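Each structure below is given as C-alpha cells.
Each of the two complexes below includes chain A, the first together with chain B, the second together with chain C.
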Partner chain A sequence: MGNSALKMEISSDWGSAEIAVLKVSGFLDFSGIAMLSKFFDRIAEEKWSYVIVDLVGLEAMCSAALGEFMGYRKRFVERGGSLVFAGLSGNIRSKLTLLGANKIFSFYQDVRSAINAYKWDYKKQSKSVAISFPADLALVPPIRQFASRLVRQKGYSVKDAFRIETIVDEVCNNAVEHGLGGAENTVDVRMSVDKEKIDINVSNKSAPEKVAVLRELTKPQTRGTGNHVGTDDKRGRGLALIRMLSNDMDVDITEHGTTVHVIKLREE
Partner chain B sequence: MDLIFPYTISVRLPSDLEIIPSIRKFVSEVLQVSGFSAKFAFRSEIIIDAICNNAITHGSAGNADNEVELACVIHRDRVEVVVKDSGGSPADIEKLKEAVRRNRLGLPLPDYEAGGMGLEIVKLLSETIDITVDENNVTSIHVVRKREDA
Partner chain C sequence: METQIQITCEEIAGKANARIVRFVGDLDATNVDYVTEQITNYFSDGLVKIVADFKQLRYVNSTGLGVLLHFNKSAKERGGCFKIANLNENVYEIIEIIGAASLLDIYDELNEAVAALN
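On to the complex of A and B.
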C-alpha cells in the first residue's frame, strides 16, 4: 500500500485572532518540508502567534520535519505564543515521545483541547464547575475530593490541592450543619479555577430565625488577639481555619440563606 | 445523618474533556457513600465517562465555552443519569437522531467512528437508555442503571 499524499490546510476561525490551525495529513517526509515552509511563511505573515498543528490524518513524520517544527515553534514563542500538536495517533505520539519531542511540544487530544489550553495559559480563562447536593454530611467527602482532583488536574501542587480540599470541606460542612436539611434544601457549590487562584462560593438555605445566631458565629473570636480561638472553645475553629488557609473570605447571611465566598491563591 | 432517598446531585461542567476523569470519580464516590458497591460505582463511572464524552465532543456545537449539565438521581435501588448539552453540528444532530430511531426500534446503535462504541457500552451497562433532541437541538440522554444485588 502506497503512502497517502501530503495535504496541508490553514484555518483561523477558532474564536481568537491569535490562533491558527494547520491541518497536516498524509505522509510528511523530507520532500514535504518545502510545502511546510510555504505554509509557515504564510502563517508568519499574519498576526497568528499560537499555531495548533492538527495531525489527525498524519501517517508518518520524518525527523527532519520535526526539526522544522522546532524552528517554527521558536519563532512563535518569540511572538509570545507557541506551536503545539493536536490529534496525534498513538503510533505518531509514541514515536515523537521516543525522539524527546514531548519535552519541547505540548500534545493535545484534539484541537479543542489545545484551544482550551491556550485560553487557560495565555488568556487566563477560568473553568467553572457548579455542584448542587442535598444538605447531608455524607456527601461532603466526594465534594472535597472533587475539588482536590479538579485543581490537581489544572496543575496545582499537592499542597495547594490539600489546602483547597480542607477549605471546601469546612465550608460545606458548615453549610450542611447550619443550613436547612432535607433533599429539597440543596447546598450549591461553585468553583472557578484559573491559573492563579480558585474562587469558591458555597450557598445554603437557612431558617430566618437563625440569622442572629449565625452572624454571631461568624464574628472573629474576641478572646486573645485577632482570630484566635481559645483552647476551651468548641466552635469557630472551622472559620478560623478557612481564614488561615485562604487569601480572602466573606460571609453573607440573610434571612434566605448563607453564602460563603473564599479566594485561595495558587502558591506553588 | 442518613441520606434520604431519592436525592439529586446536579453538576454544571465546562465543555472540556479534561474534566471528565474528575467528574466520573466524583459520581463513583457519591454512589459508594450512598451504599452502592464498588463494582456498581465503577460500572456507573463508565456510563458517566461515555455520555459526558459524547456531550462534550459532539454536543457543544464546537464551542468550548458551552456547559454540559449532569444530574444523578440516586434511589435506593437504582441511579438515573441525565446529561444535557446544547446540541452539536447539523451532522452530529443527524447522527444522534439516527441513534434515537435505532434505539426505539431496538436495533444496535450505530458505530460511526473507531472510538464510537460509547453508546453501545452505555446500553450494555444500563437498564434503559433514552435519547431526546428538542426543537432547539438541546440533546438529553437519560440512563437508568439498577443495583445488581437488589
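On to the complex of A and C.
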C-alpha cells in the first residue's frame, strides 16, 4: 500500500484575525518541504501570528519537515504569536516527542483546544462562572472543590489550587454562618479566572441589625485575624486565613448583605 | 451532603491508654461535630494519648484546625497528648500560616510520634 498524497489547506475563519489553521494530511517527507514552504510563505504575507498546524490526517513526518516547522515557529514567535500542533495521532506524537519537539511546540488535542489556549495565553481571556446556592454549610465543599478543579483545568498548580480551595471554602463558610439562612437566601459566588489570577466575589444577605457586629468582626485587628492563635476557640480563624492566603481582600457590609472580594494571584 | 471523612483507631502495643487514629478525607465545617464526638469518646474511655495519622487527610480548613487545637488542649488537661504525624504539605501550610504549628505537637513520621509517647 503506498503513502497517501500530501495535502495542505489554509483556513482563517476561526473567530480571530490572528489565527490561521494549516491542515496537513498524508505523508510529509523531504519531497513535501517545498510545498510546506510555499504555504508558509503565503501565511507569512498575511497578518496571522498564531498558526495551528492541524495534523489529524497526517500519516508520517520526516525530521527535516520538523526542522522547517521550527524555523517557521521562530518567525511567528517574533510576531508575538506562535506555531502549535493539533490533532496528532499517537504515532506522530510519539515520534515528535522522541525528537524533543514537545519541548518546543505545544501539542493540542484538536484545533478548538489550540484556539482556547490562544485566547487564554495571548489574549488574556478569563473564564467566569457564577454559582448560587442555598445558605447551607453542607453545600460548601462541592463549591470549593469546583473552584479547585476550575483553576487546575486552567493550568494552576496543585498548591495554588489548594490555596484557592481554602479561600473559597472560608469565604463561603463565613457567608453561610453570618448570613441569613434558608433556601430563599442564597449565597452568590462569582469567580473569574485568567492566566495570572482568580477574582472571587461572594455575596450573602444578612440581617440589617447585624451590620455593626459584622463590621467589627471583619476589622483586621479583631480577634482571630492575626496569625497568633489561641487554643481556646474552635472558630474565628477563617478571615485571618483568607487574608494571609490572598493578595487583596475587601469586605463590603451594608444593611442588605455582605460581599467579600478576594484576589489571589497565581504563584506557581 | 457531609464531606467524607473516615476515622479508624488502632491499638499501640504496650500503651494501654494510647491509640493511633487515622484520618481519611477532608476535615471541615461539615464534619467537625462527628470528629469531635469520636475523639471525645476516646478521651472519655481513658484513651488520652492520641497519635493522629494524617497521611490520608487531604484537606483541613480553619474550623478543622480549631478542633485540632481543642483536642490538643483537652488531651493535655487529661494528662495525655494529641500528636499529629504525616501531614501533607498543603495541610501543613494552612496550619503554619495560621500560626498553629508551634501550638500543635507535629511529627514528620508516624513512628516518631509513637516513639515520643511517654
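In the analysis below, the second predicted complex is superposed on the first by the 242 of 268 C-alpha atoms of A that agree within 3 Å, B and C clash if a C-alpha of one lies under 4 Å from a C-alpha of the other, contacts with A are read in each partner's own complex, and residues count from 1 in each chain.
Here is the rule we use: a contact is a pair of C-beta atoms (placed from the backbone, for glycine too) under 8 Å apart; a residue touches a chain by one contact, two chains touch by 3 or more.
Every value quoted in this text rests on a predicted model; they were computed, and no experiment measured them.
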{"item": "Chain B versus chain C as contact partner of A:150, first or second or both or neither", "value": "first"}
{"item": "Which of chain B and chain C A:181 touches, first, second, both or neither", "value": "first"}
{"item": "Touched partner set for A:142, first chain B, second chain C, both or neither", "value": "both"}
{"item": "Touching partner for A:130 - first (chain B), second (chain C), both, neither", "value": "first"}
{"item": "Contacts of A:113 with chain B and chain C, given as first, second, both or neither", "value": "first"}
{"item": "Which of chain B and chain C A:245 touches, first, second, both or neither", "value": "second"}
{"item": "First (chain B), second (chain C), both or neither touched by A:7", "value": "neither"}
{"item": "Contacts on chain A seen with chain B and repeated with chain C across the two complexes", "value": "137-139, 141-142"}
{"item": "Complex contact set, residues of chain C against chain A", "value": "1-3, 26, 28-30, 32, 59, 61-63, 65-67, 69-70, 72-73, 89-90, 93-94, 97-100, 103"}
{"item": "Complex contacts: residues of chain A adjacent to chain C", "value": "137-142, 158-159, 162-163, 165-166, 169-170, 173, 226-238, 240-241, 244-245"}
{"item": "Sites on chain A touched by chain B in the complex", "value": "15, 109-110, 112-113, 115-116, 119, 127-134, 136-139, 141-143, 145-146, 149-150, 153, 181-183"}
{"item": "Contact set on chain B toward chain A in their complex", "value": "1-4, 6-14, 16-19, 21-23, 25-26, 29-30, 33-34, 57, 62-64"}
